[in-house]
Amino acid sequence: MVYQKKVQIETRGHGDVHDLTRQVARAVAESEVDAGICHVFNVGSTGAIGCIEFEPGLQRDVHEMLDQLIPAAREYAHEQTWHDGNAHSHLQATMLSQSVTVPIRHNELVLGTWQQIFHLECDVRPHRRTIIVTVTGE
Amino acid sequence: MVYQKKVQIETRGHGDVHDLTRQVARAVAESEVDAGICHVFNVGSTGAIGCIEFEPGLQRDVHEMLDQLIPAAREYAHEQTWHDGNAHSHLQATMLSQSVTVPIRHNELVLGTWQQIFHLECDVRPHRRTIIVTVTGE
Amino acid sequence: MVYQKKVQIETRGHGDVHDLTRQVARAVAESEVDAGICHVFNVGSTGAIGCIEFEPGLQRDVHEMLDQLIPAAREYAHEQTWHDGNAHSHLQATMLSQSVTVPIRHNELVLGTWQQIFHLECDVRPHRRTIIVTVTGE
């Protein structure tokens, strides 16, 4: 059994974080899949998806950590050709990952109490992001 | 076909590493799935799961690398609210990932000879960790 | 429905990057799966797989970023036992991830225009790499 749903969010640019858990949980409920897995994927290579405790402190920490490890102010080969100022956005999203997979049990996401599914905008400009949620199981 | 199993491990706190390969392989055998994928997920946002050559050197290197990239001794917004001293634990587990997916062929995990599935405790205190293994395929 | 295919590539050693998108797309077409997910896995713990805009600049940036974060020239516990000079290769592949999962819709990979599936050789020597593509869905 497969259920697929498109979720759209509007981001305000670099460092903007969204909690996707409710929208993903709704897709799982609609799927009527009792046991299986749920895959959440950002279409496009400058948006990241992962799991974190979704509280205001960590929402800031996660993109500050990425900016420290992969800063905007460094020389990147990507910039020499494209001059769009977002090489670090690509690298950050690739390092964090552009998707996450979560188990489903009793038609619900299996997540810890302080474990949510988030989207992080890594690009330097706002985007309308398309996220594909795919539920497989039985 | 879906088979799901809960695996529990006791961790001793930050940097403790466990080889999950045997327990995951047993779940695959029990599933009787011939071809498909096996998803291994840590419930909770301060434990990480990945693949590595499970030998004593790399067991140490992997958490030392994370401590160097995302050190405990830095100012994190998470700490200003929660004061639980584990902001770096959250960020490390998010960066490494809290799950891994491995292919199944002939009812066995497809892994290289020196490629094992590991759990890394990123939190500062011991935990009883629940890991959900979900096998899907036919 | 499950379809599995082995893809092989020859790498020239550390930092060599391959675009896997066409070969993975072909496996999806062959699978005749209309909706589902496609899992792409590197057998072996020193090769990485992810999604990125596959253009010459970022092909260089992605491995230079990893070499900066996890340099060869550092003391690793792995080296003290194995002396094979590739501790950083293991750690880089573990951090980036050895697999990626992409959604399938209308029997095609759902990817952004500038979002491709790549393989990065992290090891210090050339390899014949085996990549397992597993398509599940209906």
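For reference, chains read A, B and C in written order, and residue numbers begin at 1 within each chain.
Just so we're on the same page, a residue touches a chain if its C-beta (ideal position, glycine included) is under 8 Å from a C-beta of that chain, and two chains touch if they have at least 3 such contacts.
Here the structure is a predicted model, which means the values were calculated and not measured.
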Copy pair chain B, chain C: interface residue numbering same or different (half cut): different
Equivalent-chain rotation between chain B and chain A, CA atoms, steps of 5 degrees: 120
CA centroid of chain B to CA centroid of chain C, Å: 19
Shared interface positions of chain A, touching two or more other chains: 69, 95, 97, 101, 136
Parts of chain A lying in touch with chain B, wherever the complex brings them together: 35-37, 50-53, 55-58, 60-62, 64-65, 69, 95-97, 100-105, 110-112, 114-116, 136-138
Residues on chain A engaged by chain C in the complex (per definition of touch): 1-2, 4, 39, 41, 43-45, 69-70, 76-82, 87, 90-91, 94-95, 97-99, 101, 132, 134, 136
